[in-house]
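A, B, C and D label the chains in the order they appear, each numbered from 1.
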Amino acid sequence: MTRTVDLNADMGESFGPWVMGTDAELLRVVTSANVACGFHAGDWDVMATTMREAVASGTGIGAHPGFPDLQGFGRRRMDLPHGSLRNLVRYQLGAARAMAAAEGGTVRHLKLHGMLANMASADAAMARACYQGALDVDPDIIVMVLAATAQQDAVEALGCNWAGEIFADRAYNDDATLVDRSQPGAVIHDPELAGRRMVEMVAAGAIVTESGKRIPAAVDTICLHGDGKTALDIARSVKAALEADGVTLKPFAGRVGKVSVQG
Amino acid sequence: MTRTVDLNADMGESFGPWVMGTDAELLRVVTSANVACGFHAGDWDVMATTMREAVASGTGIGAHPGFPDLQGFGRRRMDLPHGSLRNLVRYQLGAARAMAAAEGGTVRHLKLHGMLANMASADAAMARACYQGALDVDPDIIVMVLAATAQQDAVEALGCNWAGEIFADRAYNDDATLVDRSQPGAVIHDPELAGRRMVEMVAAGAIVTESGKRIPAAVDTICLHGDGKTALDIARSVKAALEADGVTLKPFAGRVGKVSVQG
Amino acid sequence: MTRTVDLNADMGESFGPWVMGTDAELLRVVTSANVACGFHAGDWDVMATTMREAVASGTGIGAHPGFPDLQGFGRRRMDLPHGSLRNLVRYQLGAARAMAAAEGGTVRHLKLHGMLANMASADAAMARACYQGALDVDPDIIVMVLAATAQQDAVEALGCNWAGEIFADRAYNDDATLVDRSQPGAVIHDPELAGRRMVEMVAAGAIVTESGKRIPAAVDTICLHGDGKTALDIARSVKAALEADGVTLKPFAGRVGKVSVQG
Amino acid sequence: MTRTVDLNADMGESFGPWVMGTDAELLRVVTSANVACGFHAGDWDVMATTMREAVASGTGIGAHPGFPDLQGFGRRRMDLPHGSLRNLVRYQLGAARAMAAAEGGTVRHLKLHGMLANMASADAAMARACYQGALDVDPDIIVMVLAATAQQDAVEALGCNWAGEIFADRAYNDDATLVDRSQPGAVIHDPELAGRRMVEMVAAGAIVTESGKRIPAAVDTICLHGDGKTALDIARSVKAALEADGVTLKPFAGRVGKVSVQG
């Protein structure tokens, strides 16, 4: 059986004169790009460039909406009513769709950014408000969720297309939550180890926890980063290890409904 | 022969806690609404409400992009490169399309706001950059232009759908430019007079200048305002006068190519 | 013995083309103005006008910093680190001081706005971070606090000048907290009643609760509003009632240290 | 006779998560820092850090106000009324003064940023509006002007303290304007040449043009940059060359009135 998985990373996080990230390098590694939409990062010019490069490289394009908080990069908690969150996602997704279309591309997926994502991973009603905003604009969009969190509960309840995401560089507890960053081993810094872990999780169709427990999960895409040499090394190592294991790297197709244990 | 014309006004110009305009009253008068897109006015919540109301009233929906200048309401000159203007329009149109779609509506037209419009009415290359941005997103969109200005030159050159606009409350010079506001009679304050003039221009398919000269023009839509009692009175008077003259008020269909003198 | 009290209200809450509030009317009633500093409302032009009017009317001028959240008017919870809150207050106070000085005035006091104030009234460490930022810029500034809240704990701990504030239009519980808005009688809508209550509390030097209990408090200033006819009527009624009772209305002098029972 | 000159550079141009510039390196070279004030770059946190570092290194601190245009970094032409420019400078200077004071420093000078500076160097009335805004806040502030431009005309007319600035890396025409960037030799890339030129101009108290002409000028400070290795190399070379020539590098004292030829 052919196994496939997607590799995703955040992109287009520059703003005006300020450059962030290593988009060109990442585009050689990932199969899906989450593009900032101008609220926590990105602007109309940055988005145009990012979409052009993503189209040119054949990368799957996603909208990456965040809180309206440029100075805080969308990483600060903000409390918005659900109706406003829904509108916020509609707006940013619409902008992303236009920027992609104008460069010959299509927004296939949506992933929440920063604190908006963090809050939604613990609050299914909030996640649902955000995702409903996206579905109001495009009923076929694939919602990327943090596997085994309230984000997944939300897409299962909505019955929409979705894809489950795991982290290449974070250790998991036995309840599928992330090991707290304050604990030793919580963050993986060794590219080789990261590669090995991802091969194992993709093969198992499961999150493999620190204790070795396997939690069947929607392992559709792996979250990579491009900030700094270590992150890029991990990204490249994960790609190489998966390819060496015979895994095909390509944009996720999306799934509907509850996770069933894979193969 | 049945004559028709469209009545348009700017809407959705509130922002956050600040209310502007009399959208509810205007929606009873106009057939097309130009909706602010969040850069000079409007925000994700204001846009959602405005789109909902426009859809409910059957009003034709337009995107009304402006300069990225909230404090100046897009009324201050800013110099952006043409590529950035194109991206700016793409972004705002995309946001408007999503906000409209989520409420069951469709963005039919695009009209530039404020100083962006003023500059484009005197600079066909700049107008073209803006309009190209819109066409990159939606090749079928109807571009609303100030009749007989460089805006019109731009749409004729682009070969896209467009509609010509005249002012209900401004006097015209014999070269189709507006009489300077410093001149007596430049701005029409008399609702009855405004109504009479519009009936005459729509019947003639021409701009009728102060001297009485008739300049054949694309009289597809009439620009109305809702700021203050006088503006609303003019809007209502124009509507009543046109209806009394047997003119059908409905959203413009759009035209392609050069203006030919209407029958 | 001559009793005095200050009447304060928020002002300068317009932004760009959007007008908010009835500053001119309020300036005839209040003795202190809390001027928005450009983050949740106000801008450089609005501030210049507001400072000019406050100076002309002899009103005590205060800086009214808020969260960096224009669209939400600073009414949404945001989580900023204490160091950033301190910097945020420094910045806004500095801007206010310059705008006042340029019009011949002086910023005498500081009052937190909206959700920043709400959060600080329940979190003394957060309040202290904000107030420390103000004192870093002006060690003599008078910090206006919600009487008998964590805001007051913070100024007492800091040993700075402060003034205690009570509400003209809110009922109090026996622990000096506000009666929840969902309860009947929580908000006072009757101008005559508001006036009578303020006369009683100023005379008593105490918060008088719904049950009639008197909690000795720093009744240095009374918070009024100007949004809507009822609010202005309450403001005027409170002023008239206090004057009729022989109370002198003037800007607070500020106090240092713990509250002792008055009179 | 002891000759002295100041070396200045722009700093604090990071924003939120985005880093710009090499402030730490520049602070080892310059004697004056122009600190962005949050409108075109910088924010409350960046300013606090920049002020702290400038105070620690004994660098003269200046406010560096710009247009309200973060995405365009204040480099785009914007047309604001003179009254609004005055208010804009007041506001930003006030914020800078507070941020400096809170870290134990003082804002000594003011320099306009980007397109605001460019426009003011060709429009004395506009320059005067900006500088008046600064003087309204601090009558003793030293206004840094581009020598022999309309900026200088403005400070001479105002009778305020000022300091004249020349460029380390730009060639001059015989009318004291800069050689257009499109011309060969317009921009100096050779650190050694830049150093030699600055030694010559400081010794002469004059701008030395491409043709060798000497235009007596207020050579009070030299503008350096820190963006990229070449810029830093030029900055260091200029510093070393001046010191080798016996010139004392220290913050300018400011001057009043017209330039007289230096001895």
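The criterion applied here is as follows: a residue touches a chain if its C-beta (ideal position, glycine included) is under 8 Å from a C-beta of that chain, and two chains touch if they have at least 3 such contacts.
In this text, all values refer to a predicted model and were calculated from it rather than measured experimentally.
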| item | value |
| --- | --- |
| Chain pair with the higher count of C-beta pairs in contact (B-D, A-B) | A-B |
| Separation of subunit B from subunit D, taking each centre as the mean of its C-alpha atoms, in whole Å | 45 |
| Geometric centre distance via CA averages, subunit B-subunit A, whole Å | 40 |
| Junction residues of subunit D - those touching two or more other chains | 45, 71-72 |
| Chain contact topology (line, ring, star, complete or other) | complete |
| Residue ranges of subunit B touching subunit A (in the complex, touch as defined) | 38, 44-45, 47-48, 83-84, 87-88, 90-99, 101-102, 133, 136-137 |
| Residue numbers on subunit A that touch subunit D, as the complex places them | 14-20, 41, 43, 45, 70-73, 75 |
| Touching residues on subunit B, where the partner in the complex is subunit D | 68-69, 71-72, 76-80 |
